[in-house]
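Just passing along the structure, written as structure tokens.
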Amino acid sequence: MKEIKESPIVILNFKTYLESTGKNALKLAKSCQTVAEETGVNIMVAPQYADIYRISQELDIPVLAQHIDSIEAGGHTGSILPESMKEAGAVGTLINHSEQRQQLFNIDAVVKKAFSLGMSSVVCTNNIETSAAAATLNPDFVAIEPPELIGSGIPVSQAEPEIVEKTVELIHDINKDVRVLCGAGISTGDDMKAAIDLGSEGVLLASGIILADDPKRALLDLVSKI
Amino acid sequence: MKEIKESPIVILNFKTYLESTGKNALKLAKSCQTVAEETGVNIMVAPQYADIYRISQELDIPVLAQHIDSIEAGGHTGSILPESMKEAGAVGTLINHSEQRQQLFNIDAVVKKAFSLGMSSVVCTNNIETSAAAATLNPDFVAIEPPELIGSGIPVSQAEPEIVEKTVELIHDINKDVRVLCGAGISTGDDMKAAIDLGSEGVLLASGIILADDPKRALLDLVSKI
Amino acid sequence: MKEIKESPIVILNFKTYLESTGKNALKLAKSCQTVAEETGVNIMVAPQYADIYRISQELDIPVLAQHIDSIEAGGHTGSILPESMKEAGAVGTLINHSEQRQQLFNIDAVVKKAFSLGMSSVVCTNNIETSAAAATLNPDFVAIEPPELIGSGIPVSQAEPEIVEKTVELIHDINKDVRVLCGAGISTGDDMKAAIDLGSEGVLLASGIILADDPKRALLDLVSKI
Amino acid sequence: MKEIKESPIVILNFKTYLESTGKNALKLAKSCQTVAEETGVNIMVAPQYADIYRISQELDIPVLAQHIDSIEAGGHTGSILPESMKEAGAVGTLINHSEQRQQLFNIDAVVKKAFSLGMSSVVCTNNIETSAAAATLNPDFVAIEPPELIGSGIPVSQAEPEIVEKTVELIHDINKDVRVLCGAGISTGDDMKAAIDLGSEGVLLASGIILADDPKRALLDLVSKI
């Protein structure tokens, strides 16, 4: 029942803020779920590994891992076993976030691994060229986030609309089945509307919501114009 | 109440085996707790990140993380925030396991971070020299594991007793407060007895128990001669 | 004058064998140059960093770096500054060799950097999907090397001909300007002929020549059937 | 004949500045040699890999590598084979520079490797604790460089004299044979004099000289008060 529904999509990356750790993570995920239910927008959360089980047990919102490692079960102390994320309740995973960049070789392997486990894959990229490269690997989503705008408060969908547009076009030339998200600097309803108008199916965001005085209100604003 | 008690000590590193993931992790931790209660031996478990919360909620056995990253709270997608491990229930952490080797700089930073959070630090090392180096960083424990013996079934305490003895001696020359564990190839009561006789205060082990036909019986055997 | 000429192309990766270090590197490069002159085949060499200056000073064969880092000039102790490789005499560089795998983000940055310096880029890949991804980044060459065959003596062009064929086709669908090489297990004239017949423009190889009793003879054999 | 002589010692790390690459590297090394000859101070240079051969061929100044990898000869494309550095003319190597931090495990292995090749080892560290750890590994030198001062123009020997003093003391408690250098922010004669007065045997520096309007004059100033 926790499937990833139709667009528009909002993925809230909890990163490693104290405001989104442990009890705070649960509370934030609850706000996300409430807003999703009230507005019909498909909101997903990507909390830290230790919080996945608890959130997926106590709530109904789809949960993503922030990263999985390209490993088989066995002797890999400290690594992120994909099967562990799945059993804890993750229905998908971010891959290659700009704060967790991966080797090309591993991105390919991890997208395939996620697919084999029935998990959705969201490959993050930093520009048009790497977005096209990611699309050739057949992930479910490519999320483009120009790194210079991450956490800047300057929304990619408004500051560099042509990047989003070109990325959508180029990705669909290569692989029609890949859905495009955009991120970096997104926080308001106008930002999200611009993202959708440019052809993306949603947004990936973090600090704009997590660090807001009232995250629930910030989420409501985010989805207010779509 | 889940404090690390007096020696002898057994730390079971769950690594990333399917036999020690999710429900299996909980079951294995329960066996560890039962053996600890029945025998009075101090057994600790180091499960995967996603299983820490559940085990620490449902059981009373001390739980360690397998690794923590040297980061401050903030934008570190996919990294292991020490505070997240603590809030999930970890009372300490392995550091620099041979499958998760760290930069010298980070080992120092992470030992200090664990200390500041009231978490125990268990620095793993691969030989006498790196054990001495680790001791200068003031961790609670140094666990020496010659990498060629890990998962070999050949116990370090019997195959290379002089390494354990010399390590204990050299570490205590440098820092009397550091407690020494040994690992690699340990699985039987004789292995553990030899480890204690050589001056170590316990063992760090994994596959010898996790992959045993009957892990609880294997644990009982492990602690039978001390 | 040391430009990269028309196909067929042979790139000899010197790796870090003692047989291809220092004086041995110079001698091996000289053999490569002699064979290139005698046969008209375009042979390039990729020696270790410390040997690039000497080889490019004393010989006329095109020299590639084995890797360059995605850095700007400045404070990067121990890293490989692209400008340093160029000034030493390298006309291009391998990128993302299976023994030096790079983040997707860096492959993109380094291909662009090489281009801006007028250096040729040879991106190594491990399968069909990553070859397609590499092609979207506009390198001069993509060299596919299934890792399980590297150093195996089993030639990719004969063991897995369909991989080479499909890679050529898929890459040219994405980007007609990218030239395809293949590697892994290549050592004989038959291997190289098969590689060309499958649509590639040449081969990337190493131990089959470097460790041969008589590298010059091995090179002559390699190019004997094209 | 290019042996490392008695203290005081100056090691000039060329890093990856264009001002210290290729022809510029040779010219800078020549200035270092002239100053060494004129003043009797033991100056060593650590140029980029590609410049080691040329400098050691054309000059008489001792040359260090900026880094070596913990590898055996063989299939390690793009890595730094210690034997390659030695054959190119390096008489020693920096290890674990703050811009090239290494795993504890590797620092130990590389110090041993350098020793086995008759090369001097200079392990860089970031604070008192890691300096002590480095000393247990028996390198020839430990060079302490508080990272917050590197490139700052604020000399460690004047800004944090107690760090240098304590490091010298602690290192000599652990291992009398290790010689201590200090770095970070060093550029003037007063800085160097302070370093020597605090018990260190010399300095490791970079931008203060490399980027000076007149590097030779800057070097003469550096060694003017000892």
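In order of appearance the chains are A, B, C and D, and numbering begins at 1 in each one.
Operating definition for what follows: a contact is a pair of C-beta atoms (placed from the backbone, for glycine too) under 8 Å apart; a residue touches a chain by one contact, two chains touch by 3 or more.
Please read all numbers here as calculations on a predicted model, not as lab measurements.
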Reference chain D; chain at largest CA-centroid distance: A
Separation of chain A from chain C, taking each centre as the mean of its C-alpha atoms, in whole Å: 37
Length of the line joining the C-alpha centres of chain A and chain D, rounded to whole Å: 45
Contacts with 2+ other chains: residues of chain C: 98
Arrangement of touching chains [line / ring / star / complete / other]: ring
Pairs of chains found to touch, sorted by chain label: A-B, A-C, B-D, C-D
In the complex, chain C residues that touch chain D: 13, 15-18, 21-23, 46, 48-54, 66-67, 71, 73-81, 83-85, 87-88, 94, 97-100, 150-151, 206-207
Partner chain A, residues of chain C touching it in the complex: 96, 98, 101-108, 125-127, 129-130, 132-138, 174
